[in-house]
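Below is one structure; the comments refer to it alone.
Just so it is clear, A, B and C label the chains in written order, and each chain counts residues from 1 on its own.
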Amino acid sequence: MAGTLGVKAARIAIVVTMFAVWEMLSRTGIVNPRLLPSASDTLATLWELLQRASVRNDLAVTASEVLTAFVLAVPCGALIGFAIAENRYFAEVVKPLLFFAFSIPKSIFLPMFILVFGVGFSQKVGFGFFSTIFIVIMSTTTAVESVKVDYLTVARSYGATPLQTAFRVYLPSMLPVLLEALRISMIFNLTGVILAEMYASRDGIGHQIATWGENFQMKQLLAGVLMIAVIAMTFNELVRSVETRCSHWRT
Amino acid sequence: MQPLANITPLKPASRAGAIQASHVGQIFKTSTQDVVALSDVSLEVKPGRFVVLVGPSGCGKSTLLMMMAGLRQQTSGTILINDAPIPQPDPNRVGVVFQEPSLFPWLTAEENVEFPLALRGVAKSERRAKAQDALKLVGLEGFGRRHPHELSGGMKQRVSIARGMVQDPPVLLMDEPFAALDEQTRMTMGDELLRIWAATGKTVMFVTHSLTEAVYLADEVLVMSARPGRIVDHLTISLPRPRTYEMLSGDTFGTLRDRIWRHIRKSA
Amino acid sequence: MSISMSPTTLRRLIVISLVMLWEALPRAGVIPELFLPSLSSTIAAGWNEAGEYGHALAVTLYEVAISMVFACGGGILAGAIVGSLPRPRVLIMPMISSIYAVPLVILYPVFTVWLGIGSESKIAFAAIYGFLPTMLSVAAGIQTIDPQLVLAARSMGATLSQRLVRVIIPAAIPTVLSGLRVGGALVIVGVVVSEMLISSAGIGYLISRYRTILDSPHVFAGVLLVLAMAIAFNAAIKWIERKASIWRTGTHAGRSATDDIPAAMQPAT
């Protein structure tokens, strides 16, 4: 539609303008180029970084931590979330505790993870797990509760078995919500793992970025920031487009 | 709420205005096509008359009312309230009551009624007095300090009517004001409205899609066709006033309502 | 389930027993003191170094306060503007929520290079960290203002500025409070995280320093202090929201602003 195309073009224009301004500020020396390497230099460094084995290795380490934490947190969180949605009593006991846990900054517990796990893979996965599980629980609960009771009543009145209800009512109804929950959980997960890496780690891309910062290697630092930003946003948009495709029927 | 006999009218029936619309048209431009909402609508409402505009959904009756209120400009034709055009809202000339009472939840009932006066910088004591009078007129004396969430749907709508009348405009426009209320409240509010109208003598233009409501309330009924809206019939309601519920089951009522329905069904 | 205890009682029992376990298990040696110092030793550590903690708290609170002015103030303003104008909103909002997917901590080293390791870098970072979600939250909330209210005001002849001051702003107060809550919580996270990473003062710095010398009681004392700060802030906002509850019915009919936790709006870590 003409409308959205124009909007997309406008957005691209905004991004391009920002890069142009960045380039100009640095090249003309308005901002010290040592503090702010030009956009073109940064992009060139980014390209070079992607070729480096050490960077690739760091990315792999981070990815493995993120995935492990995710694979652990999602089933656990989903189970708990499901239990909360299905059992009133459990819900009433646990929900306020969950809200509380949700409202406190979890990053302050990072030192504890280091005290327990030391510095390494398990520390980062542990913290990633910790960062993610609460949002998974809440999202699952919301997702299950979002299935309208009316639909379930209709299914029941036509004699649907629990299995049929699970696949024919719960699943399609929850799918968009679940996808969104996964997407947001991943954001929390990635943030947690990268934070843990920046704080205390021997490898991983978060650690590398912190190191570049400590050594005032601005080109690499900005390139690294850009790289992670692009990766995170791409993943986000991919999942979002799948979400939209699945939720066309939602009001 | 006050019984019928004890209400003091805001003013004796002296302030009443005339509404004139000539060849009014309204075209909405969307990105894909032009929608003709109204096509060559002409009508005249004499001062002090209660006129009801009835028509099927989407026929443009609300649009016409918006234009009379100055909230929207017509694309062709003229609209005159008291012989002057109305390019923007003018609460001195026109009071508006919508389907949603739209009371500000952070103000009390009387503060809500005072709102148009506060906009004009009227002094507090004068505002308060006028609001009290308006609330008394709609039968809500003593409810001024309540907040909207403490009021029922019918009461909220009464406050909305009081707000529309607080500046004593000669013309009152009402856009399906009772549509959101349940049937029993609607019937009560209809009687209330007629009482208020009798006490103040204003000109009322009332939009509805309820045929019963139209015949029950009106002096004259204007029937609109489906989009593009045109006036297809103009009935004079010969029933005596005050209107009573017994009339609802009478022959005259039935005939009038059937006539309206035939027009609407034909043009829908 | 056939448990006859009320949920609240059970919950309280759970919390109390957790607290007791916190004291008992480390003392009994079941959990090494390194992993979990007993509650008493934690409190003792904090008490003994109260001056040091107090000073650090002052630094942190200062950074939080300044960051909040930028993050919440800026976020509310930007959110209100973008939320009320359809074109900028459609244009910018999806971009802003895309940025939300990026772990913004990675920006912190950039700020330390530019602004040093003192308070400025933390304020800059925490301000941005809190700004984006606040803006998103307020922009979304502005759209929930009942348009009928504005229409009613227009029909009464209200000018643009009258509509803004007498209708839109009062109707937006629940949204603004919600934005404050979101922004403030995230600012606290941002400040503490940045202090933990690279800093020379503040509670986060204290926590990190004690961690490196494996002094668990002091680490935990610092953690408790941050928790207390977060809880106090939350409670303060809830109190304000309760006081302002009459305004709530202007947007989501009567639903409490704190009952909704739109998942995307909560502290990342």
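Operating definition for what follows: contacts are C-beta pairs under 8 Å (C-beta built on N, C-alpha and C of every residue); 3 or more make two chains touch, one makes a residue touch a chain.
On a predicted model such as this, the values are computed, not experimentally measured, just so you know.
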item: Other chains in touch with both subunit B and subunit C; value: none
item: Chain nearest the overall Cα centroid; value: C
item: Label of the chain whose CA centroid is most distant from the centroid of subunit B; value: A
item: Distance between chain centroids, defined by C-alpha means - subunit B, subunit C (Å); value: 48
item: CA centroid of subunit A to CA centroid of subunit B, Å; value: 54
item: Computed distance of Cα centres, subunit C from subunit A, in Å; value: 19
item: Subunit C residues touching subunit B - in the complex, by the definition given at the top; value: 146, 148-149, 151-158, 162, 166-167, 170-171, 173, 246-250, 254
item: Complex contact set, residues of subunit A against subunit C; value: 7, 10-11, 14, 35, 87, 89-90, 92-94, 96-97, 99, 102-112, 114-116, 131, 135, 138-139, 142, 180-181, 183-184, 187-188, 190-192, 194-195, 198-199, 206, 209-210, 212-214, 216, 218, 221-222, 224-225, 228-229, 232-233, 235-237
item: Of all residues in subunit C, those that touch subunit A in their complex; value: 1, 3, 7-8, 10-11, 14-15, 34-35, 90-91, 94-95, 98-110, 112-114, 185, 188-189, 192-193, 196-198, 204, 207-208, 211, 214, 216, 219-220, 222-223, 226-227, 230-231, 234, 261, 263-264, 266-269
item: Complex contact set, residues of subunit B against subunit C; value: 69, 71, 88-91, 96, 98, 100, 102, 104-106, 115-116, 118-120, 147-149, 163
